[in-house]
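Contents: one structure, followed by commentary.
We just call them A, B, C, D, E and F in the order they show up, numbering each chain from 1.
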Amino acid sequence: MTSTIIVINPNSNEGVTAGIDAALEPLRMAGGPAIRALTLKEGPPGVQSQHDVESVTLPLARLAQSLEAEASAFVIACFSDPGLHVVREAVKCPVLGIAECGVLTALTMGHAFGVIAILQTSIPRHLRLWGAMGVTDRLAGELAIGLTVAELADRERTLKRMIDTGKRLRDERQANTIVMGCAGMAVFRDPLQDALGIPVIEPTQAAATMALGRVRLGW
Amino acid sequence: MTSTIIVINPNSNEGVTAGIDAALEPLRMAGGPAIRALTLKEGPPGVQSQHDVESVTLPLARLAQSLEAEASAFVIACFSDPGLHVVREAVKCPVLGIAECGVLTALTMGHAFGVIAILQTSIPRHLRLWGAMGVTDRLAGELAIGLTVAELADRERTLKRMIDTGKRLRDERQANTIVMGCAGMAVFRDPLQDALGIPVIEPTQAAATMALGRVRLGW
Amino acid sequence: MTSTIIVINPNSNEGVTAGIDAALEPLRMAGGPAIRALTLKEGPPGVQSQHDVESVTLPLARLAQSLEAEASAFVIACFSDPGLHVVREAVKCPVLGIAECGVLTALTMGHAFGVIAILQTSIPRHLRLWGAMGVTDRLAGELAIGLTVAELADRERTLKRMIDTGKRLRDERQANTIVMGCAGMAVFRDPLQDALGIPVIEPTQAAATMALGRVRLGW
Amino acid sequence: MTSTIIVINPNSNEGVTAGIDAALEPLRMAGGPAIRALTLKEGPPGVQSQHDVESVTLPLARLAQSLEAEASAFVIACFSDPGLHVVREAVKCPVLGIAECGVLTALTMGHAFGVIAILQTSIPRHLRLWGAMGVTDRLAGELAIGLTVAELADRERTLKRMIDTGKRLRDERQANTIVMGCAGMAVFRDPLQDALGIPVIEPTQAAATMALGRVRLGW
Amino acid sequence: MTSTIIVINPNSNEGVTAGIDAALEPLRMAGGPAIRALTLKEGPPGVQSQHDVESVTLPLARLAQSLEAEASAFVIACFSDPGLHVVREAVKCPVLGIAECGVLTALTMGHAFGVIAILQTSIPRHLRLWGAMGVTDRLAGELAIGLTVAELADRERTLKRMIDTGKRLRDERQANTIVMGCAGMAVFRDPLQDALGIPVIEPTQAAATMALGRVRLGW
Amino acid sequence: MTSTIIVINPNSNEGVTAGIDAALEPLRMAGGPAIRALTLKEGPPGVQSQHDVESVTLPLARLAQSLEAEASAFVIACFSDPGLHVVREAVKCPVLGIAECGVLTALTMGHAFGVIAILQTSIPRHLRLWGAMGVTDRLAGELAIGLTVAELADRERTLKRMIDTGKRLRDERQANTIVMGCAGMAVFRDPLQDALGIPVIEPTQAAATMALGRVRLGW
């Protein structure tokens, strides 16, 4: 029987889920686990506010429990790692969060990491995460591109803002790597890295990688 | 018009709420704000698991919003500070968490603080909080008494366990103060402090104090 | 018998004491403790240098001891917390410092705190305090307005400098809250907060609040 | 053309290399990269002293460069991460160290990590690594089993020592996870985890997992 | 003209000054600066309480100023570094504290440092120093021998207590070096190091060394 | 018999060794240890890359061992402290690194230290050192002058770049002291300090000072 990694997009935007799904294609290998990207249907259109974060924690736990029989691991694909600990409590298999894995992966790719957030208001929430993770000493800085979920649809502007923000992190804050503080924007990773000349980490790919290892190793 | 501090017990145990209510009596002053202790009716019997924590976040936000017209400040009276940031987002007035305020108050009463947790499984959750707060360097240690919510009813045994755990924190971990890692046990503060000979912080009282100041000062 | 919180201004400037006294008015409640602001008569005109700091430590301890019979708690109202630990050693009742309490209160009002110092030369002394307190990870930055005690009399200029400095802390250092690094300037809190749009903490009020709770709770 | 992850054992013990090779079997998938375990022939019998560490850094860089055409990623399979930064400088493809990846993976599996070292004298070297990585706040402790490379051959005793040491880390230091501070002992992971009841991280598997993702993702 | 390092013992115990003087003999070289040990006559018999610490700060500054013409550098020979910053402010030449220099020197001699304090009550004061210095991550622990100044006269018992305490720091806290948390006990350094088998730092010698360099280099 | 401190320049540039030798002149005293500056003949022209760093570790250990009979202490005079721990393991006498000693000495001369690096690419290596040393909280920042070893020959430009970089550290990063992140440039210390108005630490002099004390004290 084949094993399966289930990557859950906690927002209800199927386009984001499709972007995540495409981004995970390289991690699908013959003989390896299946990787499915799912949408949390009751999720908000985007996880922006703290209310959005809290609103998906129990639905994520329920969804994970309902899928437990067919899942070998779960990835929560939202950069606030909503519900990470309650899903871990709910199911026996590995559960990875993309903020956690994105940042930890960055630590292997350069000394100081910068984070590109979407919204200014998410930064304190993320800083609490880096503090809880105990990795604040490695943080060069976190800056927001300042676009709403709706505005992200203009992909040219979005990429331009990411590049501008990444350059500030690199030049003003001395970031050696950049973590993309969002899910579903993997298509920007390559052009962003090309523009910045320093490694760029796509966090959902980073988390799915760690899930893949855990599944194969059985721990 | 008088102002009111509303202290919400996120678990449904009315006995705990009554204990909290009694503990806040000294902070009620003629001319000062009213202080009301409320029970979150839809809360679990005790907040023990991560699921319990997540299950109360949105109900707390909704309850706070529904009471916003009559409240000058809110205190969330559970030592995991569930929903602290979503309630802050939901209402305009001050919102204080007892874990946060209990630990911060401890920092004014001695150098290294120890925490007496109820359950072993809550300790990692608390450690994430201390990390997010950035105060880990002041933590002497956190140890659990290892009793379930049901077992806490045997108050003699509970106090004895608290004293034993506090002595370990004081003697083995060099704690200079002790934070009680629970709500609704204010009656144990005095005997615990007497037995340990170092300051003991009751966190709901600590948080209500900070709320009181914020209400009176209007900021 | 009524209890009393004694707030000591360690400099000899009665105007500062008067400003402190006025700032504490909201914390005086019919049924609550009296709050008195006193001047340390032998203090320097302002506590600016390290010599000024050291010159008031023992006089503060003596004054506190002489008032111990009538005091329920003491607040030391100078942002270097001079003599905090020797006064704590000298008397049995609670002793709070405004730097300590101002910063700890800030930690409940936003993630990263900025500090507006008066003098550039005070910043290393304050940084030692934040280090000793173990809260450096939460510090966004500390910047000075660069006015001498004498120049502070021009209140319009003082406020303007505070606003300019606060904006730099907010915009360049990503401070989410601002702690006023001085005593006796509570009148600037509201306009400063209005101008900055982020919470501003007046430290003497913060410390008196924590003293109030300690007095009422008897611990 | 297929891609290949080359895992280099910096010591000359072919038995260790064979153990590493076997441990990586689960990460070999039909459609995935080949994974080869190699011995650094000029390496010492075991990497125990600081001299041993330094003696393999340039040989590792040379070996990696000589294999660059056929390698998609390298893993350095020694728990002191010898030469990690010089190999990264020497080749363009990803280079992962097992200490770094083992600890970072542990951070996703529990709050405080414990490390089981082989030799007491390696602990300060590892502590410098955790400090350089900026993850000291998550370290519960590191303890050595105190056996020489030669003595490790008695596998029953080795396992027993690991279990004893792991229990001390779990019970006295409150470790929530255990990182095996060595390469080539993957066969002990399962019995160790069974005996301890908390997650045990085998660091070569952890590093190979991160290499696998990097190779597949092309970053 | 010859230069002079003046080492001030802030307590009035001439025996301690004599011990300091003897301990500095090896640092006196024909072509090097003179090194004089002085007693602060108005100091307390021993610096034990916080009051003792504060009582010597201004006298130290005055004494240093009065000697400025003949001094090339000052060392404050008390392990609480009393008045360090005010003396630095008072005179132009280098001023070194023995706690600061003792700990910094320890950082070059092993990874984790342990401190042997005389009194339990001094430990929180020292912990504030390590925090202000930003070196807490390197601290293995600090334990007290628990003898009063009077009891220290029984040198056999004192040494025995130091050895016992040092062994606990080495064995239970994994200290790699030991800093003697006192002045005037240099005679114990050798037997203590012999008994412990790890480096022992005598802090007055460490500070005088750093003063010596500063004087010779003219910076 | 006279004792000798041997200061090894790990690069093969005799001009650098001569500069080091001259810089140590003030530390040579009648009656004190001889101080010799040596060139590691097989060293690279300059230690710039990580490969350069690794290439000198074992040669340094061999050279130190070959000189052990005539040496009382060694100083490794390269700001990456190459081979520091392997040389410590190789010989019984004290071994000091200039990065370590330069930074530790800076901690006694001001609160926040800035580092002037030569090359941008050395900064992450240095940051790993500050992290391993546990002193990151005291770091104001590290910036590079961006000149290659060859370009350093233009001393006027080099000094100008150092001054510019030092001013940025002082003004933008609030550094209170500056550590020169290189060996063999002691002649710039005075003009740099004059230009900046804050203490400038020459690290080889700082390390030789600590070696001098260790030699004289016999520990």
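Of note:
In this text, a residue touches a chain if its C-beta (ideal position, glycine included) is under 8 Å from a C-beta of that chain, and two chains touch if they have at least 3 such contacts.
In UniProt terms, the chains line up like this: A, B, C, D, E, F = Asp/Glu racemase.
Worth saying up front: this structure is predicted, and the values here are computed from it rather than measured.
Shared contact partners of subunit A (Asp/Glu racemase) and subunit F (Asp/Glu racemase), listed by label, are C, D. Of all chains in the assembly, those touching subunit A (Asp/Glu racemase) and also subunit C (Asp/Glu racemase) are B, F.
Think of each touching pair as a link: the shortest run of links from subunit B (Asp/Glu racemase) to subunit D (Asp/Glu racemase) has 1 of them. For the pair subunit A (Asp/Glu racemase) and subunit B (Asp/Glu racemase), the fraction of shared interface numbers is greater than half, so the two copies use mostly the same residues to meet.
For the interfaces B-C and C-E, the C-beta contact count is higher for B-C. Distance from the subunit D (Asp/Glu racemase) centre to the subunit F (Asp/Glu racemase) centre is 33 Å, each centre being the mean of its Cα atoms. Per-chain Cα centroids separate subunit D (Asp/Glu racemase) from subunit E (Asp/Glu racemase) by 42 Å.
Look at where the CA atoms of subunit B (Asp/Glu racemase) average out and do the same for subunit F (Asp/Glu racemase): the two points lie 51 Å apart. For subunit B (Asp/Glu racemase), the set of residues that touch two or more other chains comprises 128, 131, 133-134, 136-137.
All chain pairs that touch, listed by label, are A-B, A-C, A-D, A-F, B-C, B-D, B-E, C-E, C-F, D-E, D-F, E-F.
Listing the residues of subunit F (Asp/Glu racemase) that touch subunit A (Asp/Glu racemase) in their complex gives 123-124, 127-128, 131, 136, 141. By the touch rule above, subunit F (Asp/Glu racemase) contacts subunit E (Asp/Glu racemase) in their complex via residues 26-27, 29-32, 96-97, 100-101, 104-105, 107-108, 133-138, 189, 193, 199-202, 205-206, 208-210, 212-214, 216-219. The part of subunit B (Asp/Glu racemase) that touches subunit E (Asp/Glu racemase) in the complex is made up of residues 110-112, 137, 174, 176.
Every residue of subunit C (Asp/Glu racemase) that touches subunit E (Asp/Glu racemase) in the complex is listed here, in rising order: 49-51, 53-55, 57-58, 61, 83, 85-86, 88-90, 125, 128-129, 131-134, 136.
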